[in-house]
Each structure stands twice: as C-alpha cells, then as structure tokens.
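Heads up, the next two complexes both have subunit A, just with different partners, subunit B and then subunit C.
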Partner chain A sequence: MFTKPIHTKLLYLVILAAALLLPWYVPDAYIFQIVTMSVIFAISTSGMNLILGYTGQVTLAHGAFFGIGAYGVAIMTKAGISFWLALPASALISAFIGLLIGLPTLRTRGAYFAIVTLCFGVIVWIVSGNWIELTGGHNGIFGIPRPSAIPVPFFGEITFFTQTGMYYLSLAFLLIVLFALHRLVYSVFGLTFMAVRNNEPLADSVGINTFTTKLVSFVAGNFIAGIAGGLYAAIIGAVSPTAAGYMMTFNFLIFVILGGMATLSGPVVGAFAIPIIMEFMQFLEDFRMLIFGALLILVIIYFPMGLVGGLRRLNEKVVAWRQRKTTESGHASS
Partner chain B sequence: MLRVESLTKRFYGLVAVHELSFDIKKGEILAIIGPNGAGKSTVFNLITGTLKPTSGRIYIEDQEITGLRPYKVASKGISRTFQTTSLFDQLRVIDNLMIGYKWRTGLGFWNTLLHTPAWKAYQTEAYKRSMETLDFLGLADKSDYFVPALSQEEQKRLAIGIALVCKPRILLLDEPTGGLIQEETERVTDLIRRVRDNGTTVCLIEHKMQMIMGLVDRIVVLNYGKKIADGSPDEVKSDQAVIQAYLGGEVNA
Partner chain C sequence: MELFLQQLFNGIMFGSTYAIVALGLTLVMGILNIPNFAHGHLYMLGGYCLFFFAGTLGLGYWAGMVLSVAALGLVGVLMEKFVYRPLNDQPHINAFIAAVGSLLFLESFALVVWGPQGLRIPNPHPQAIELLGITMSVQRLLVIIGAIVLIAGLHLFMKKTIAGATIEAVAQNREGAMLTGINVNRVSAMTFAISTGTAAVAASLISPIFMLSPSMGAILGMKAFVIVILGGMGSVPGAILGGYLLGLIEALGGGYISAAYKDVFAFAALILILSIKPTGLFGKREV
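Our next item is the complex of A and B:
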C-alpha cells in the first residue's frame, strides 16, 4: 500500500551511513557543532511539519515549545534530576502546555489559530526573559550538566562528555522521531491528518472528529519540539530566552517551507541545507539576510513544495522522459 | 427509518425551512425536489448536523440525532455527498476511500504508533473494503490515481464512494448528477439504483425531472421551505400545487 521504490530506499541507506560515519570525516569542531545543531533542528522541524505540513494548522509557537523543553531540562538537571528523566518530563510538559493551548485555539480556523499561537510564542519569550527566579532572566541558565553515562553490559558504558557522544544521541532521537512519524503518516490514521488539511467539512461528514485530530497532531508535534529543546539545552550547556524566541519559530518555519512541507525528508533537508547555505554566505555579513529573503521568495514562487517537492517533480519528469524514450526506440527498432 | 418532525431553520429573518415533517422508508429511493432556494440543501445540512435546527427533531430508527456534530451523525450510519463535488483532491483515490472507512475501525494514535495486531487487522480491513467499493464504482483500475486526474463523472462517482465505503444505512446525495451530460447521468443513475439494491436507503436532491421520474419511489416537494407534496412520482406529477409552484403549469416529464 505505502511502499517506496528500491532506489529511494538505497538513497536513504547511503544517507544513514554518511550520518553514522560523520565524526570520521568532519574533524572541524565548529562545523561538527553546526551539524549537531542541524540534527536537533531537524527533530523540532519534523514536529512542526506534522502540525503545519500534514494537518495544515499554521502554528507559530513552535519555538516556544522548543524553549519549554530546553528550560525544562535546564531547570530540572540543575536541580539534580537525571537528564534521562528530565528529557521525557520536559517533553511531556511541552505536550501538556500544547494541550492547554490547543483546547481553546484549535476551534478557531486559519489565520486566528496562527495569530493566537504567535501571541503565545511571544508570551513565552517574554516570560523566559523576566521570570528571573526560574529562568535566570535574559542571562539564562548556565552550566547545564551533560547526560550521565549509560552502562552497557559487556561493553562498558556510553558517555556524553564529547561532542561525538552528543551527536550520536541527537541522531538516535532524530531516527526515532522519523520512525514514529513514518508510522503515523503512512497509515489510515495519518491520512486523517491530511484529510483535515485538505477538506475539513468533508472530513467531518465522513465521521472524522476533526478537532481531536488537530489536537492529537498539535500535542504530538509539541512533544517532539520539547524533546529537541531538551537535547539542545544538554548540548549547548546553557539556555537563554533566544532558545524560546519567535526567531526560533521562524527558523523552523523556513526549514519546513524550503525543505518541503508534508514530506518526511523535507524538514531534515531544510534543517541541514539552510544553516550550511548560511555558512557559505558568511562573507556577506548582514547582507546575507537580504539575499536569503530573495531566495525564500523565489523558492515559494517556483517550488511551492520546497526542495524535496522540487526534486520529486524533477524525478517524475525524468521517469516520464525515459518512458517516452523507450517507447520511441521501441518504435524505431520495429 | 429516518424521521424528520416539524423541522424549522431560521437565518435571522429568513425562514429557510418551515415546520417540515417527512420520513424516509427503509430500502426506498426518495427524492427531495423544489425550485432554487426552496431549502433542499438546508434540509440535508440540518439532518447531517452541519447546521443546527431552530426547532424540530430528527430521528434515525427512533434514536434522536437532532443537533449532533456531523462526525457523530456519520457514525449513526448517515452518509452524505455535497452539492459541489467535495473530495480530498490532494490525495489518491484509494486514500479518499480509506479516510471514509476510518470511523468504522478502531484505528487511533497509539495502535498506529505501536503497530499492534489490531492495527494490522483494521488496516487490512479498510484496504479491502475500499478496493471492494472501488470495484463497485468501476474505478478499481484507478486506485492509485490522484483525484485531479479523474474525469468529472469519475469524481462524482468517487464522492458517492466516499460516502458509501463505510456501509451507511442511509445515503444522502446532493445533486449527484449536477453538471453531467445525459450519458454520464444515466451511468450515475444506474449506480444509485445498484446502491439501493445492495440494501442502502437513498435520499437525493435533484433537478433533472426525467431522471428522477424513472429512478425514485417517492418524491417530497419543497417550496419556500414548506412541504407542498409527498407521494409517488405519478401522484406528484399531477398535483396542482406542485404544477403551479414548481413546474410552472406544464408537465412534460
């Protein structure tokens, strides 16, 4: 029902191998840090894609839920709670606050939902900057301890004191999230998300509780944002209000749109490609934002489905061209 | 089977449906006709919960469904189509049908995430039933097509399929042949007849008199939100009130 062609599977295997072997061919610590951040942003953006891409609800609070996850881990681990407990707890808090926000706002449609979530995002950002007792104000929280080592029988233990350890930890979470999303999206249950996005009145009339569907998507997406935020706090070792700010939301938004909405690979491609493009444009200093803005507009006009959508269309064209060629040569030989 | 009792709907000053009572009998094909603006589609919207009635009650087999949300009404076995062909046009044909079957299954967030044996069974069941419905519609060879690749008539048939896939007790069709040419109309008419023969009660809104007269068992005529006639096609054809209000004094069906 939902199978992919063999060459696509092979491509994914190659990418996976490249990701697993990354510490061996990227010796530069700075670039390695950027890649690790990309992995974390890919996790968070995948969560946003579930809400925005698949279910069609324009959430502009994703950075806030990312921030809640980050502050959750920061505060809890500073209080002496193990990272392995703090991470799921923070993600659950993120999901729960998502539930509270979703209950009233998901009854509204279209622009209203976007505005309310944008407001919530700004509120979280302001609170994180001013509730000094809890969040440390604009200075944030420093010295967040690294995750404790996991003992493995017969092998010793897995430690997270190095960048490499944290990279593999993030990668593992990215794979788990993608695996879970893959299961959700390629199923009848996942189709209901797309049904709500595509035609809400029809979805309602064929027996789908559209409100619950949107709520499940929103809560699950925010849970994923919370996980990504928690990992971010542990890797950076510090959290400040920028981690919860609306600029974070807009970064995720750009990753989703440029990478490709409603595709599983789109957010990952976006989260990796854009920071790398930004690095290459470093020499332009602040002017790079100008060029980036123009690029964004071009992509939205010419590739509304993002990079992945564009590649997919290109692939379809190549297949069609090949089919035409084989039929033509068939005619020629006969 | 479905009973509507003194149903009234007011939009501010305008009375769209006024004290309307009728019933749909098991196994029949009932047509609701009337001039434009007579309140036909409003009646459908009231039955299916898209609109809330100002007053009156709706029952299905003596169970009251007045004012339930649309997805709840659907789960009571009442399916509908919309006047403008309404489909999930970003998805494939087979996906459209599986979405329509979803409420019949226990497919939810957790069993999908964990791929439980129940998930597998439901998923297979949904696929099988969808393919069965596609066979019935004559669209089986197009199951992997995206909706925009279908012809107008195929889209109309798919819309009926989405409503039919969950084995409803009653199927409400809002102008199932609107915008189709004669030949296509006949094919859709034939499909509706087969739906009834398979045990689903059908109620439809239609404008094409010739098609209705040959198809339906009973006709309810509305004018300005009120019922002015209710009976077999022959009775309705010779009803003075109907002739005056709707057919403009001439009957050439």
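Our next item is the complex of A and C:
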C-alpha cells in the first residue's frame, strides 16, 4: 500500500530535476518570482492539508499563522537578529499560538471549529492593521534584510542576495517539509489522523486520544505555516496585513481543494498550477475569482479529491481496464 | 447623557440589522445544518440589487426593495438546489468549502458588475427628528421599525401557517417530517428563500445610510455567525436577542473604549465562550 511503482518514482525524479534546474530555463525575473512564491505557498498549503485533508478539521486561520510567521521574521530581523535564528523562532511562535488557540477551539467540532478559527484569523488581521507600534499598521514593515550568507568550508559561502539563492532556500524547505509530512502521514501515528477524520467517535472508542491527535496536527500544520510566512517575509522584503488576511486563507483553501485534499502532492500541484494559471488569465482581471469561486463549488461537488485525486482515480480505472483486457486475451488464446 | 442616548439609538439600529441577518442565518443552520458562510455576501448582493432596481432602473425605493427581496429569494432557491443539495450526503466539511466558494463567487460577482468603488443609494427619507436632545433620521427609525415588523411577521408565519409549521417540523426531525409526507426538498428551498429574502430586507433598509461595497458582507456575515452560535443554532429568539445585544455592545464599546478594535470584541467573546462551552451558550446539539 505504501510502496509506489517504479514509473511513479521516475516521475518524481523528473519533477525534482526540473525544479532544481529551473533557474536555467526560466530567465524571466517576473515568472521566476511567481514560481518562488508558489514554492512558499506549497509549503504553507501542505501544512493546511495536514489539518484539513488528513485530520478533517476545517481551519480557516491558516493565513493568520502564515502572517504571524511573516511578521515574526520581519520584526526580529529588523531588530538585528539573524534570519537563521528568527525563522525557527517565528515558526515556534506560530506553533505556540496555534497551541494556545487549539487548546480551547479544538474542543468544538465541525462548523463551530471553522467559524472560531475564521474569527481568530480576522482578529489577527485587524490587530496587524491597527497595532502600529509593532506591525507598522496598514503600511506594514519594509526593508526586511535578506538572510546572511552561510560559510561552507573549502567552497566559499552560500549567499542569498539573488532571487536564485532564495529560490533554492525555499525549495530546500519544501523538500524537508514534504519529507517530514511523508514520514508522518505514513506512520502509525499518521494513520490516527485519518481515523479521526473518518469517524471521530469510532477513533475514540478504539483508544485513540482524538483531542491530542487533532492538537498535534493543528500545531504541526501551523508550525509549517510559520516557516512559510518567515520565508515569504525574507523574499518579498516587506509584510503588510494582507499577508495575514483571510483572503490568504481562502487562497490556500483553493490550492488544497483544487489540487487534492489528503494527498501529499495535491497541495503542491495546486500551489504551483493555480498562481500560474491566474497569471495567464491576467486579461480576465476580476473575473478570475468569479471563475475560481465557481470552480471550488464544482470541484467539491463532483471531484472532492481534487486534481490529484481525480488523476489517481483515472489511473486506477486504466489499470483495471488493462488487467481485464489481459485476462480476456489470455482466455482467448488458451 | 446625550452621547449615551445617541449611542444607544445607534446600537439599537445596528442591532436591528444584526438581528434580521442572524435570524435568516439561524433558520438555514437550524433546519438544513448548513453553515452558510456566504450569508453576509447575500446581504451585500441584496444591497446591490436595491441599487440596481431603485437607482439604475429608477423604480423608486419601495418597489426596488420588493424586487430586491424577490431577486434574492430566487438566488437562495438556486443556491440551495445547485450548491448545497448535491452535498447533502457528503461529509460536512464539503458543505463549508462550497460555502466559501459561493462567498468568493458572490464577492467577485459584485466586483465585476458594480466595480470596487463604494456606491451610494440616494436616501429616500433624509428628514430628521429631534427628540430628547438626540437626532434620529427617519431612515434610521425605519430600520428599527422595519426590523420589528419583519420579526413579528416571520413569527406569525412560523406559528400560524402550515408552511411555517413544516419548517419547524423539518428542523425538529428530518426523517419524521418526510414520513408525514412533507416534501423536505421544497421546505429547504423555501427556508433558503426566506433566509436570503430577509437578508435583502436588512440590506435594503440600511444601505441608504451607508455606502455599498463588495466587501461589506464579509464582516457582517461573521458577526451573524457569532450571534447564531452564541444564541444557539436554530434558535430564533436567541438570534434576535443576540443581534440587539451585539449592536448595543458594539455601539457602546466603540463609543467609549476603542473604535478601531470594536470588531475584535465580538470575535474574542466568541472564542472565549466556545472554549468554555463548545456547543454555544444555548446550544442543544452538535452539528
């Protein structure tokens, strides 16, 4: 069940090679910036997928935790703390606030949880726009320094002054996050997440501590959102309340649902495909969100597993069809 | 004293809007178990429909209001049929996501059709009355009276007519209602139409006082959720009481404590109360 066929592994290798060689065949700085942002969104969306897709809790505060990470790095690096210290610190702050919010709110279920997290998201958004001493109000914080260079013995040092350096840094974090999530969701503990999602009372009755499971998932997901937010602040060089706003959450939600809930590749596919599609649909302007809103409804009604889930189902059908064909031809020849 | 009375008056006016909007939301949530996140955006659409009928077509305020309510009722029926009914048998999480999808759709629809700039509906009753040292514009008084009339009318409809009784029956027990021969789908569509129609009434009453904008429904919709959860899902008196209470808290809090953070009070109160009682203040069952 957990081992993948050889051609799937080959496909992943090709995608990895394509990602590593990206700076050589995407010379346009603007498109490159969009792809770099997609990497960041892919990290954050993977975190949301852990809570929403695997554990089945509709969190609508993910943008807020992304924003907390971004503001954390912005404030700390502006105060002179190194980025390499500020990033884990902000991710930990995100996770800790996630713990504080998760402890009371995860006792609620279903619609209640969605609304409470949405309320928390709006509070963070309002506070980030009004706490002028800390967050700079609606103008936000400008001039966030780039990460300092890492010295490597016998080689020189890795610098992050160029867009390319930041791209590789984000890609490295995306791979680490995906590897960690892969280890997590295919472990026995990861299975308890899905047990809670599929039937909470049943999971409870077979001895799973459902509250702790949900809390671990929520905190881990928000930790990942904090990392993504911190990287976002360092790459863009500025944060404003939109980074913490609920539109950010809804964007992540679109990426997860259209890409494919409860699959590791789905959020990544969504986070890459949708911003690029949006870019090509630039001429449609405001009509884009109209289309994506309708698409969200259609996908959730007809393909609840999103693009990756749909492709997977198609693949299963093809395999079944091929097997039937080989057995039939076997019967015919014998 | 004058400031207090003025804030009290404004609080009751805002509370009237909140009460109507929360009333529509609680009907849908109590009966269909659907968290309609797009309810605030339907309210926004009601305001724009009034602008279209009364302003663009020039049919006058009252005719515009009636047409706006009819249009929104139709939108509600369509939404129930094409967005929520197909999701009836699927996990609940899918209905929330569909609701977020319809919210994004409605907001960008208003943006595409009417543009991002604020629009103003000419105030049909610009006169003002001076009483006890406070100024009350006629339109603001109309909001308060309109809300009372609407709530009383809806109460009579729910308690005295057969159609109203079927709504209560479905809310109490869906399967039981089906067994007695009630067409549950038709009741759902009717409830949705009432819910969106009342949102249009609220929007039509208050939008001549304020500007219309595509994002005006987002915060109001969330406040309606706060009220519904605190007042108990599906509880009509809870929604009305909660609506007036929130209006007063905000007007007094905004006037005396901090105007910038006035929205934070309601949301923080919700997190606090739900962390103590996860099913809401008067919640009877879990969704």
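Brief remarks on what is shown
Basically, the second predicted complex is superposed on the first by the 333 of 334 C-alpha atoms of A that agree within 3 Å, B and C clash if a C-alpha of one lies under 4 Å from a C-alpha of the other, contacts with A are read in each partner's own complex, and residues count from 1 in each chain.
Assume a contact is a pair of C-beta atoms (placed from the backbone, for glycine too) under 8 Å apart; a residue touches a chain by one contact, two chains touch by 3 or more.
Fair warning: this is a prediction, and the values are worked out from it, not measured in the lab.
Once both complexes are superposed on subunit A, the partners subunit B and subunit C fit side by side without clashing. Put simply, if you stand at the Cα centre of subunit A and look at the Cα centres of subunit B and subunit C, the angle between them is 80 degrees to the nearest 10.
Using the contact criterion defined above for the overlaid structures, shared-chain residue A:A220 touches subunit B, although it does not reach subunit C.
In the superposed model, A:L184 lies in contact with subunit B only, and not with subunit C. Subunit A is touched at more residues by one of its partners, and among subunit B and subunit C that partner is C.
In the superposition on chain A, A:E200 makes contact with neither subunit B nor subunit C. Shortest separation of subunit B and subunit C in the overlay equals 12 Å (C-alpha atoms, whole Å). Residues of subunit A that lie in the contact sets of both subunit B and subunit C are absent, per the superposition on chain A. Looking at the complex, you find that subunit A touches subunit C at residues 52, 56, 58, 60, 101, 103-105, 107-112, 114-116, 118-120, 122-123, 126-127, 130, 246, 250, 253-254, 257, 286-290, 292-297, 300-301, 304.
If you check the complex, the residues on subunit B that touch subunit A are 48, 50, 69-71, 74-75, 79-80, 82, 86-91, 94-95, 98-105, 107-109, 112-113, 115, 119, 122-123, 126-127, 162-163, 166. Of all the residues in subunit C, the ones that touch subunit A in their complex are 29, 35, 37, 83, 86-87, 90-94, 96-98, 100-109, 111-112, 218-219, 222, 225-226, 229, 260-261, 263-264, 267-268, 270-271, 274-276, 278-280, 286-287. Of all residues in subunit A, those touching subunit B in their complex are 1, 180, 183-184, 187-192, 194-195, 197-199, 201-210, 216, 220.
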